[in-house]
Each structure stands twice: as structure tokens, then as C-alpha cells.
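Next up, some structures in C-alpha cells.
In what comes next, chain A is part of two complexes: it sits with chain B in the first one and with chain C in the second one.
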Partner chain A sequence: MGFDLDFALASVPAILGAIGMTLLVAVTSCFGAAALGFCLEIVRRRGGFVGLGVRFLIDFIRATPVLVWLYCLYFILPFYGVRLSALTVGIAGLSLYYSGYLAEVFKAGIDAIAKGQQEAARALGISRLDTVVFVIAPQMLRNIAAPMGNYFVSILKATPYLAVLAVPEMLGAAFDIASDTYRYAEPLTVAGIIFLALALAISQGVKWLEKRLAVSTVR
Partner chain B sequence: MSMFDIWSGILGGFRITASVTLYGLIFAVPFALVFGVAQYLTTGFARFLVTSVIEFWRSSAVVILLFVFYYALPVVGVTLSAMTVGAMVLGLNTAGYASQAVRAGLQALDRGQKEAGQALGLSRAAILLLIELPQALRAMSPTFINLVIQLVKATSLVSLITLTDMTFRAKEIAQVEYDPVPVYLALLLSYFMVCYPIALFGRWVERSVNPVREASRGI
Partner chain C sequence: MSSSTAMTAMNLRFQKDSLCMQDPRQNLAVEIDALHKWYGAFHVLKGIDLRVAHGSRIVICGPSGSGKSTLIRCLNGLEAYRQGTIMLDGTRLGEDAVQTALARRQTGMVFQNFNLFPHLSVLANCTLALRRVAGMARTEAEALAHHYLEKVRIPEQAHKYPAQLSGGQQQRVAIARALCMSPRLMLFDEPTSALDPEMIREVLDVMTELAHDGMTMICVTHEMGFAREVADEVVFMDQGSIVEQAVPATFFSAPSHPRARNFLSTLLH
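Right, the complex of A and B next:
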């Protein structure tokens, strides 16, 4: 049969047409995972019984596959009467899963800020909230920008998992073409190349950001 | 269906999960060592070629790579078993990350190590094998253990290319019994019971390699 280059090129527009869905899933999941991960880390830092529970949850998430989490949410929620679209379940699943990883990133970021910063702010009479917003957060963001960017690339690369839940993102679009024509090789290869290009572009962006921040840190 | 039946059903897939992991490591370890060292030693165009191969395996979405190799290789006349494709793709994807750890570990060594070797009249190969690699690999061992966990978790993907691993078995049971809740929770727990001990071992290694810094608690 051989690899049909013309057919591969013909399938590009349909697959590229689903890039919007891929980016929508990736961007919302990044925000979801960052917000949830920050909350998890704050709760974990406060300690106590709840903190211990969150600590275990983070460990548990990180010791289990993302695919299984997606299946869990997708098949278990309707059983309890919660009916959500596959897209919502997918975004929720990726957000929840990667929040476990981002919590660790926030932990490292907060740990790296010298305690003296907080004490100095207090000595100057800056309020607690202002200390977090204007002293701690900017320094933390600079510390964590690079690892956070790497996890955002991971989230992008995890979006094709949602094809398993029939979300029409790029891999889903490639499979649609494949099952219509019984030719799998070409559309899947095209999807692979587009994903690779996207991931490389974003990780180059992260590297550039990392360099910029390293320059601005030099005193 | 009793809890016992569910557990023994999922356990029936453990052999495949373990095999894909072990075969994956057979691909991953040599690739990571050779390409990590090559990226460290080469310059110019040779380094560009080495980096390209690493980036292909590291930056591609692993789900898509799995499908592409499973469906596209037969078209160009290469027919591999699902087990081989799974082990190769997951192994080399992990190896892409591991090669970066090898390179970073080598680069982080004090230059004096290499210079002392040269002053003693050792050949470049001897310096690499006897002085640089042992120290770099030791320093990076927690990272390698984390990558093994990533590999175990990634094996859940082979259920999508017809291998009957733990995830495949659980899906099968859930469909037959129409009772997804205990099945998928048991599946999550199964992965946790495999990965968490490895994670604890990794933290212990991290503490012994790096006694001053607090363990980064990575999975």
C-alpha cells in the first residue's frame, strides 16, 4: 500500500481545523491546574489533618496514570448522577492531575524565597496580603516560571488523551479521517508532526523566558 | 462481582504492565546513556543531530507516537508486535528525558574533575567512564527513579493498542459488569501500590545522595 503523501497532505486541513479545540483544552487546563495546584500547596503548608490529607492526595495523584484518572471521572461521575460533557471531564481531569505536579513546583518556589524577605516586609509594616502579592509572589513567579512552563508543555502533550473520551481535538480529528477511509498511517503521522511542532515552539518559548529571567536576576 | 474478582482480574494484567516496563527499560537505558553522553561531548552539527533525535522522542506526544508507530510502520513494510511498539515508544520517550538528566549531570560536575584526570594522563574515554559518569549518574539517580515511575504510569497507554495490561483488564471488567465505580477505584489503587513504593525508594535515595537539601519529593 505504501505511505500516500497526497492523502497525508489532503488530511492536513481537517486535522489543523481541530487545533482550536486542542489549544482550548490545553490553555484552560493550564489555568485550572495552576489555580488548583496553588490552592493545594497553600492548604498543604498549613498542615494539620487537612494538610496531611492534601499531602496524601498529591502523592496519590503523582503515583497514578492520567489516563486512569480520565476514565475514572468519565465513567464514575455519571454513575452518581453528575452528567458533564466529555470536554468538561477532560479539562477537569487534566487540571486535577497536573495540579499535583504544579503543587510541587509552587512548594519549591515558595521554599526558595529567603525567610528574611517576609520578616523585612513585616518590619517595614507592610500588611500580610501586600507581602504575599508584592514581595513573595513576584519572586516566586520568577523562580518557578521555567518548571511551570515545562509542565504546561506536558499538559499540551497530554491533550490527545482526550481523544479517548471522544473530544474532537487534533488526534480525534485524525482518527475520524482514519475510520472513514481505513487509512490510519497518514492522518496519524500528520497529527504527530503538528503536535511535535507545537510542543517544540512552546518549549523554545519557555527556554527564551528562562534566559530572560536569568538575566534579570543578575545583580 | 466481588471485590476479589475485580482485584484478581486487574492483577491478571500486571504481567503485561511489568513486561512493557522492563522491555521499555531495555530500550531506555542504553539510549539515555549514549545520547546523553553524545550531547555532552559533541559540538556543532553533530550536536545538532544528536539533539534532534532526543527532541523527537522527548517532545512528541507519546500517545500519538504510539499510534503512529503501531499503524504507520506496517504501511512502510515494518511489522512489529504491539508489545515491541509499546516498549520501544514508551522506553525511548522516557529515555529522551533521561538523556537530559545524564547530560545535565555531566555538565554540573566541577571542571577540576576532568582536568585532574588529564593531569594524570588518563585518556578521554577513561576520564568519562571512571571519573565523570559515576559521579553524574549517582547525582542523577533520584531523577532516574522518577522516570521509572513515569514509565510505569505511561504503560497504561498500551491498553489502547490492544495489549491486555491492568488498564485494559479493568475496562473489560467495567464493561461486562456495568459497575465502573469499584473497578476504576481498584485500578487507581493498583497503580498506586506499584508506583508509591518506588517513589518512597526514590526519596530515600535522594536523601542519601543529597543529605543537605531536603528531598524534592518528586514522582
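Right, the complex of A and C next:
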């Protein structure tokens, strides 16, 4: 039983049908992880007791498997009366897990900003929050567009983990076909190719973003 | 009836205005008393006393490490100090957060390394604080920014990014950016030290013009020509203390302290 191209092509629509779920999870988790990671990093930089706690939290997040986070959120939270849908848990789990990594990326991006930038903002009377939003964040993004893009690709590639929660994403759809027909090679190959295409699209997007950001910061 | 009410209101406002106008004359622009600061065990500022009247121009000079930059950075709260008081226009700095913020908003600062925001255009550099701090509308803020960019003579660069400008132009933008907030006191921390020689003049010209407009200025600089021409008083600092304080004519022709004489001779040779 060799690779059946016709069967592979026939399985494309069903697998593509789940691309929406994969993209929904990936995109929301990217935003979630970036927003949470940025907040974690800003609080960590403030130092003090809270900063130390966040530093530990970031290390803790990065030192635990993503599956543990998904299982914890899905199976343990209900014992405490918190019942979340599989999709919510999936997005929350990926966001949380990757926020730890993105916090480290943001740290490098902020460390690279000259100290005088904060001083200039302070001297102009700009509030701490406005300084973060209008002075620090935009410069940080210019410094870290590429590594941040890498983590976005990682998040996309982590979406199949949600299979353990029965979220109907792309790999799950491919696997459904496989287990119905006992043909694994074709649907899994198709899913792999679609993942590859999406990952390439993200990295192209990041390259474009880098170029655009570079225009506004001629060095 | 209504006209007399209006008259009364006008009188009241007039009285209030004249009261407001009197206030700053009673207060000094800056009043520093027995200011001490340490970096760890290092005693950077050792009991600084300095009074600056409104409208006067003070040049602070001295060898590197004498504490002059630290002193003016204390004046707008970029550095905290341990002992002593700083009064800005009658408000004690650091006593109450709201008052301190207000007092600081009346102080403009120009840095040695310009510290322009590299990701924002020249115009946006000037309008950011106007919009976010002063709460001004975009068009209004841009009009004001254009006014000050004209004052520093680079209105045509408004849409460029800082990295596209020369050092002298960047420093003039930094001056315009500070002026946009209508400060009553301008602090300059070695504004020409990072510039190529041919660009120093254009920045000093802008500063001189500002002085002639009556701005209260405290400048840390080694540009002795500027000090001679513009300063009301020259303050010489060494090892964390004010060693000599005199009008330029006296300071340059007959410095009384040997360390000031020594410093001047190293500048001349």
C-alpha cells in the first residue's frame, strides 16, 4: 500500500476545514503570549519583591512541559470550581507557556534600548505607562522582530498539543481521517505541508515587518 | 447690570493675574541648600548652595567628576539626593509627588547625547509630551512644534527621523522638544560635548538666542566663549563642591581659587 496521491488530495478539504481552528488558536495565543510576556517582563524590571516573584514565575513556566499546563488547566481547575472550555484552556495554556519565553525575548529587546531614552521621557514629564507604550515598546519591537517571529512559528507548531483536549484543529482532523481509513501517510503528510506553508507565511510576514520597521529607524 | 458683573469679573481676573505675575519675582527660580549626594560610599555632592534668579543664566564648569552633571540632574529629579533641599520656583522638589511633577514639568532638559526618540519623526519627538502630558490636540501640538522648530532653525526637517540628521541638528531638535513644554527653566548637560567642532556653533547660537529671550538657564558646559558672552554667573565646581562663583569678567580675568586658575589654564593650553 504505497502513497496514494488521489487519496491525499481527497483528504485536503477536510483537513483544510480545520485550518480555521488552528489559526484561531495560533493567532490568539500569539497575542496572548506577547501581551502576557510583555507585562511579566515590565513587572520583572520593576524589581523588588513582586519583581523577584515574577522572575521565579517566568523560570517556572519555562521549566515545565506545555502538556502539564494544558492538563492542569483542564483537569485540575474544575476541582476548584473553574470550568473552562477546551478551546479556552488550549489558548490560555499556550499563551501562558510561551509568555515565559517571550518575556526573555522582550528583556533582550528592552536591555538594548539606551538608558537616555527613559531619562528623556522622564524629563519631559511623560508618565511611566506612556513611556512604556510610546517610547520603550516600539523600540523594543524593532530590536526583537525576528526572534519574536520565531516564537510565533513555535506557537503555531504547538497547536496540535490541543489534540489532548479534543480541540478539532488541523492535525486532529488529519488524524480523524487516518483512524477512519487506516491510511496514515496521506492525511498526515497533507497536514504537515499545510503547517509548513503557514510557518513560511509567518516568517515572510516577520521579514516584511522587520523591513518596514527598519525604514522608520534608519541607523 | 450684566456689564458691571462683567467688569467685576474682569477686575478680579486682572487682580489675580497681577498676583500671579508677582509670585515668581518673590521666588527664586532655583534655590539649592546644603545639597549632599552619595554614590555608595562616594560623596559626589558635598553641601551645594546655589541661588538662581528668574531670567538669569548660570554656566557650571569644572573638571570631569566634579559633580556638575549630577547637580543639574538632581534639579529635575533624574537623580535622587540624600540631604538638603532643592526649591524650584518656591516648590520643594521631592516633598510631594504631585507638586514635584508639576515643578518638573516647568523644567526642560537637554542631554549630552540628545536622547531623541529614534523611532519617531522630528515632529513626533516634539509633540509626544504635548499630546500625552499637556493633553493637546494633534493639530495644535504640531503647530506649536513647528513654531519651536523654526526657532531652532530646522523647520524643514520636521518629517525626518533623528538618525537622518547631523548631530548639531539633532541637538537643536532636542532643544525644540524641551521648549515645546514651555519650561520656565532650561537645563543643559554638556549640550555640545558630543558634537563635531563644526556643529558646536549652531547649537550655541540657538542657546544664545534663547538666553536673549530671557529664558532662565543652567548650563553645564566647557564652552568658555559661550560662558563669557551669555552667562550672568560662572560656577566652578571641583570634587563635589562649588569652589568659585563669579561674574564672567571676574572669573576669567582674576579667578581667586588656585583650582579654578589651574582649570582655566588647562582649557586655554
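In this section, the second predicted complex is superposed on the first by the 201 of 219 C-alpha atoms of A that agree within 3 Å, B and C clash if a C-alpha of one lies under 4 Å from a C-alpha of the other, contacts with A are read in each partner's own complex, and residues count from 1 in each chain.
Criterion: a residue touches a chain if its C-beta (ideal position, glycine included) is under 8 Å from a C-beta of that chain, and two chains touch if they have at least 3 such contacts.
Predicted, not measured: the structure shown is a model, and the values here were computed from it.
Novice: State whether A:122 touches chain B only (first), chain C only (second), both chains, or neither.
Specialist: second
Novice: Between chain B (first) and chain C (second), which, if any, makes contact with A:195: first, second, both or neither?
Specialist: Only chain B; A:195 stays clear of chain C.
Novice: Between chain C and chain B, which one touches more residues of chain A when both complexes sit on the common chain A?
Specialist: In the superposed model, B touches more residues of chain A.
Novice: Taking the two structures together, which residues of chain A meet both chain B and chain C?
Specialist: In chain A, no position sits in both the chain B and chain C interfaces.
Novice: Note which residues of chain A are touching chain B in the complex, please.
Specialist: Interface residues on the chain A side: 1-3, 59-60, 62-69, 71-72, 75-76, 79, 104, 107-108, 111, 153, 156-161, 163-164, 171, 178, 184-186, 188-189, 191-192, 195-196, 199-200, 203.
Novice: Under the definition above, what is the set of chain A residues touching chain C in their complex?
Specialist: Within the complex, chain A contacts chain C at residues 114, 116-117, 119-120, 122-127, 130, 134-135, 138-139, 142, 216-219.
Novice: Show me the residue ranges of chain B that touch chain A in the complex, using the header's touch definition.
Specialist: Residues 55-56, 59-65, 67-68, 71-72, 74-76, 149, 153-157, 159-160, 167, 170-171, 174, 180-181, 184-185, 187-188, 191-192, 195-196, 199, 214, 216-219.
Novice: Inside the complex, what are the residues of chain C that reach chain A?
Specialist: 76-78, 101, 104-105, 107-109, 111, 113, 115-119, 128-129, 132-133, 161, 163-164, 177-178, 181
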